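First chain written, first letter: the chains are A, B, C, D, E and F, and each begins at residue 1.
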Amino acid sequence: MLTLADVVRALEGLYPPETAQSWDQVGLVSGDLEQPVSRIHFAVDPTLAVIEEARALGADLLVTHHPLLLRGVHSVATTTAKGASVTSLVVNDIALYVAHTNADVASPGVNDALADACGLGAVEPLAVVEGQPLGRVGMLPAPVSLSAFAQSLYAALPRAAGGIRVAGPAEASVQRVAVMGGAGDDMFGAARASGADVYVTADLRHHPVLEAREESRGGTPYVVDAGHWATESLWLAGAEQLLRDALAAGGRAGTTVDTHISTLRTDPWEFAVGAESPGGTP
Amino acid sequence: MLTLADVVRALEGLYPPETAQSWDQVGLVSGDLEQPVSRIHFAVDPTLAVIEEARALGADLLVTHHPLLLRGVHSVATTTAKGASVTSLVVNDIALYVAHTNADVASPGVNDALADACGLGAVEPLAVVEGQPLGRVGMLPAPVSLSAFAQSLYAALPRAAGGIRVAGPAEASVQRVAVMGGAGDDMFGAARASGADVYVTADLRHHPVLEAREESRGGTPYVVDAGHWATESLWLAGAEQLLRDALAAGGRAGTTVDTHISTLRTDPWEFAVGAESPGGTP
Amino acid sequence: MLTLADVVRALEGLYPPETAQSWDQVGLVSGDLEQPVSRIHFAVDPTLAVIEEARALGADLLVTHHPLLLRGVHSVATTTAKGASVTSLVVNDIALYVAHTNADVASPGVNDALADACGLGAVEPLAVVEGQPLGRVGMLPAPVSLSAFAQSLYAALPRAAGGIRVAGPAEASVQRVAVMGGAGDDMFGAARASGADVYVTADLRHHPVLEAREESRGGTPYVVDAGHWATESLWLAGAEQLLRDALAAGGRAGTTVDTHISTLRTDPWEFAVGAESPGGTP
Amino acid sequence: MLTLADVVRALEGLYPPETAQSWDQVGLVSGDLEQPVSRIHFAVDPTLAVIEEARALGADLLVTHHPLLLRGVHSVATTTAKGASVTSLVVNDIALYVAHTNADVASPGVNDALADACGLGAVEPLAVVEGQPLGRVGMLPAPVSLSAFAQSLYAALPRAAGGIRVAGPAEASVQRVAVMGGAGDDMFGAARASGADVYVTADLRHHPVLEAREESRGGTPYVVDAGHWATESLWLAGAEQLLRDALAAGGRAGTTVDTHISTLRTDPWEFAVGAESPGGTP
Amino acid sequence: MLTLADVVRALEGLYPPETAQSWDQVGLVSGDLEQPVSRIHFAVDPTLAVIEEARALGADLLVTHHPLLLRGVHSVATTTAKGASVTSLVVNDIALYVAHTNADVASPGVNDALADACGLGAVEPLAVVEGQPLGRVGMLPAPVSLSAFAQSLYAALPRAAGGIRVAGPAEASVQRVAVMGGAGDDMFGAARASGADVYVTADLRHHPVLEAREESRGGTPYVVDAGHWATESLWLAGAEQLLRDALAAGGRAGTTVDTHISTLRTDPWEFAVGAESPGGTP
Amino acid sequence: MLTLADVVRALEGLYPPETAQSWDQVGLVSGDLEQPVSRIHFAVDPTLAVIEEARALGADLLVTHHPLLLRGVHSVATTTAKGASVTSLVVNDIALYVAHTNADVASPGVNDALADACGLGAVEPLAVVEGQPLGRVGMLPAPVSLSAFAQSLYAALPRAAGGIRVAGPAEASVQRVAVMGGAGDDMFGAARASGADVYVTADLRHHPVLEAREESRGGTPYVVDAGHWATESLWLAGAEQLLRDALAAGGRAGTTVDTHISTLRTDPWEFAVGAESPGGTP
């Protein structure tokens, strides 16, 4: 029987904790290294619903991209959502393991998955931050219109209610693409410096985007907000496969492990009103 | 002839600078107090295009909600967008005046305009921050579905490509509404404490919204991201009228002033792909 | 049946959380406000052994003086002792409630209990810190020798392996006594200013004591280190009784609650070698 | 005749000031480099009594381990003990020289002396902090019981009223020993990482020891608090001899210097009550 | 015989220590409260030469305006000038007492003395900083030319080699005068706000003066740098008299005290070359 | 025709921006890289009068040593002097370029010019700060009296109303000279360590100079305050020539550029009263 220690060792081989950014909190959040693990559930966010999904599936281990306790907690009473989540994990004997910015920089990792979804080749790091390759930049096989690029990215991503928002003229031609899964509004400078025609990231607020657009004087790089959850959930299938392979490679004979990927959409938006298609009609 | 000093005096009467938040930068950004003012242009953002619009209209003064130089600058060379904007204002003799968080807290101000667009009555402050009433909370005349509320808010706002995103069940009934124009993700606690069924604000990122939704255990307050530019541009017409009235009241005989509101949409998004209507179809 | 919410309400009446020092972390650390509470266990420290003692007794709630999570945690995995403690509490359905500096300043509270053990009358606050009365100072009925005072305090305290350490001449006469349960080495100035002949506290290190002795030029206030755990465990019996009374007063008919005080010594020292009696012999 | 400059040069050869920790204050505290030095007094603490002892002996120089002015002073008036100490040194023409953390890390230095007193062989640094080897870890010739180890350490140390306090079972067997003279409660992690069975240090407070014991789940490393003054006074004899040798080696013919070691116990505790021997009896 | 305690009490009555600015270090720097005081020496700076002057005069107490140890010291060895000064004071039994910003704000105090030297009437505080009246502003009996004002101030001040430097046209007329003894380059705003025609202070550097002159567009307030030592030494005679009076009023019969004012110029400049008279000739 | 981009490239070759100190703000402050440049004006300070001088001369570019916007600005309205300066530059199409600490450390640069004016040979860096050679130290051909040295330096500098102030005996002999143009009161330690007989710098305040004089016990290095503007204006002629050469070397055939050096004295002092010649007479 595999133990949590075995799986943690395999995960740390794939996503070494020391490659995480200094402000991040990755690794084991709940569980006991000696507990057996036979079913592993993967998700972007450790929400209460995802923990319940894991419990219903009989999972022993939940692997998520986002930290549950990025800020330290002084209580796990169920009066707060964080406390209720910790309590639910512990009561249900579900270990939680987080691979966050260490999964972002890994190769293959979150940003490689996003580069693949964009259809990029000749992929390089977008920037090196704290010694790690953050984001990616690469080339489409041929120039396409910004609108066609967005449509095709939409098709490659899981669906989220907010859809994909684009700053730039629909008919502009793009070929060089920078990507950064999740919140990338501190990387506009790197995107511009990379020569990208378009920068795909998420969680973009008015001022950073508007300032980046002003700095580009309306030109490239155009900007695509493809959704925080959507861009990062691309990583789950690859991580699942890598972990299965690693456990098989390192595993003792006769041990098997079941894996699942969450079917819940943890993007918080449930519907939208009035978003405008390239032609401007809602 | 009115001078800039006259208009600044009137604006400071409407939006006293000392009511701005301590981190904010409001007031006169360019211009000379003795220059004559006969045409005033209003906009949310002092972008290069808005400055050009003001110039083309022959405006002497641009009044915006957003600061141009929130962070101090050490250069106004045109190599940066901020420098190019300052240069363009100065070269074209256009004074720039900013009313930002002092316009947010004013009554009537940005948040009153948003409360009106929502159709609220019995409006109170949402919270008091640094001694000023930030945000508003009030009641709809009767309960409506969350989906209908969003549709009606959409109809009341200027159109932006990203539309309106909603977190909460389309059919849920809402009546008590909290609003905060612009970026309001540090006010989720106040929205919850106010007993609101739905919180309308903008610039919402994945983690704050998801954590707020978890803290609400999926219940109220539901969340609406109605767009930073859209929610704040509601203020422009009221501000224009108040300033006209103030200048008329305080004015010397024979002085007239022309006013305009920008027709440019400075929301950076130009189109969207795949946003889902209440029924879930893009 | 009483719920945790009922008991928390009673505890907050006795030890209002807002009277805790700003750096402290008090209140509910684990548990669900709706869980029933029929057995309450009291202890100074929420150690693994104390949690096991609570579990063995069938306690639903553990009330301790010391915080479990004074520093925030990012993980409750059992790889750390803090994580193992949280996990054990949650798995065993034991709520943890902490009354720390709010219990120090309360009247009656930790320092009143210590003043009683010293036999003091005419007790006043030693100092006011962040608006709360911290420590106590009072008078013995008659002067006694420092040595006799220490012997009598020893007799009144639970036994700890380190015993009681005294700085000052054994035969010196003392009557005015300052007390501060737990670690009090930042209150030497207040003790001196209070006119105390002797200051009873704990957790004293070389430099603060030596500097205080130098500042006193070998005179009063003499110093007694009576043990962190020993001085604070005096509070448990009073807190137990106050809570029983509060629950009885506020309680619904037919609800009863069992209470226990830990019999474990959580002072970490297990034995000593060579400590010298007043005459100087080990 | 030797001057103070000669002796300072010799001391800086033995304990280079640049090897002190960054927060420390070492070197010459009073005196004139040109004053003659014929009598040197050594002590752990520059207390008023030690300064008087030096004066009575006719010492020109006092060498101590602890800084007199670790925190800067703005006055040397005799209204404070620090001021009275400085005044007494200056009035009596006694230079004061401090070798603190530079003596801790030196080889031989404070921690080597403590390792010797423990009877350790195969001694290595316990940790490297700011580039210097802090603490030591080594092996006893054979395993002994924790109680026997404490008894034997007690016999090797100067007597202090507080004796030696031990956390761990009296009969447990120990062989690998970590040591850190003076206050070592920030080195529990290093002690655990070194594989030590027991960690000998001093100035230990309730929470750090209890947390370290919890982290060890009651196992090794056990903890011995052997007294701040006692563990550091071991260094004096070696330092005296090294300085005599250095002065003789570097000295001009015909110069001689007298040296003394303080016979005063500057540990502040004068007696104890109720400390428990291994069997638990006070 | 008067003791130092008596004199300190009198000085604290004249210049209460709690009226000093928060960053300042005032009060007793060396000495013993029980030492007799029969001769008191006054000076602006406690330099080595001033201390020697006090010693040669047989003074028991030196009262200075400037702190000796504004920054805390960790050593009083004579290797540093500060250490040599402390050593010299202590060896020669000279107490040092400092009245700095508490003497600046006192009435009468340093700035009143400077206002008197300028010939001002209707004197008010220039600004209130940390609750104390800092600087003064008042009126000359009649307007005079800036050049005549400077000449007359020069005549009223003790001579310093650097003379008086003036920014402003020699023939400009001035009547309202702001003053701030010592370094006043953080009070240009207050000087401007006070409506002063000229601001007299000292220790002025290029950038603050130039920026103040630019802010004034070459107009008022003009600026006079009258020398740090010169402007503050005006205070000495008044302080001497006030202290004599206070001691006489509070004194016991038969006690007398001798007082002196330093004749040393502690302004560091010894000569100048090429300074230009109002007409521009050196 | 040369563009601003051409000239900026040449200036950055002479004074690389990355050699500026980290707190500094150098480079282009106003202007557009594509604007033509045919006339360049040099000055120490970008005051309103200097900008007007540049305008009157028809200059396209002003090169100054001192930053206009060392502290960031949030407004360029003409209500502040900084805003008025920026406005005047922009309105008059005058680009402003600053070479500050990068010109200080350059070879040849500000400090080389000052060393030349002193007549020094064998010139070396005075100190290395942030990796750059700050200040210079060198030898006079033969020893001269301090008074003669000051006279000769006076003759070599542009005249300023404050003249040159000297701390040290007029007749003392000096040969080794340290220099630091502008404000150098944080380099007294480096000057002393360099073995200089005299340290020439500017903007010296009472306390730093007096403390440096005390630390030198009245001996070397003596101190000369030669004026902030005067010491730095020496650099202008060399910079003008270097830029002309660089443009000629890199230039395209047929492009010519006119250069001027400001004739305005931006030292703020206009006259002095009572400064004393070496013999002590004003």
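Keep in mind that, in the parts below, a residue touches a chain if its C-beta (ideal position, glycine included) is under 8 Å from a C-beta of that chain, and two chains touch if they have at least 3 such contacts.
From a predicted model like this one, the values you see are computed outputs, not experimental measurements.
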For chain C and chain F, chains touching each: none
Co-neighbours of chain C and chain A - touch as defined: none
Which listed pair, A-B, B-F or C-D, duplicates the contacts of A-C in over half of its pairs: B-F
Taking each chain's C-alpha mean as its centre, the one farthest from chain B: D
Interface numbering overlap (same over half, different under half) for chain A and chain B: same
Centroid spacing, where centroids are CA-atom means, of chain D and chain E in whole angstrom: 47
Centroid distance [mean C-alpha coordinates] between chain F and chain E, Å: 32
Centre distance in Å when chain B and chain E are each reduced to the mean of their C-alpha atoms: 54
Touching two or more other chains - residues of chain F: none
Traversal of the chain ring from chain D via chain E: D, E, F, B, A, C
Of chain F, residues touching chain E in the complex: 45, 47-48, 66, 80-82, 85, 147, 150-151, 154, 159-170, 182-183, 202-203, 205-207, 209-211, 213-215, 217, 223, 225, 228-229, 266-280, 282
Residues of chain C defined as touching chain A within the complex: 25, 27-33, 67, 69-79, 83, 86-87, 90-91, 95
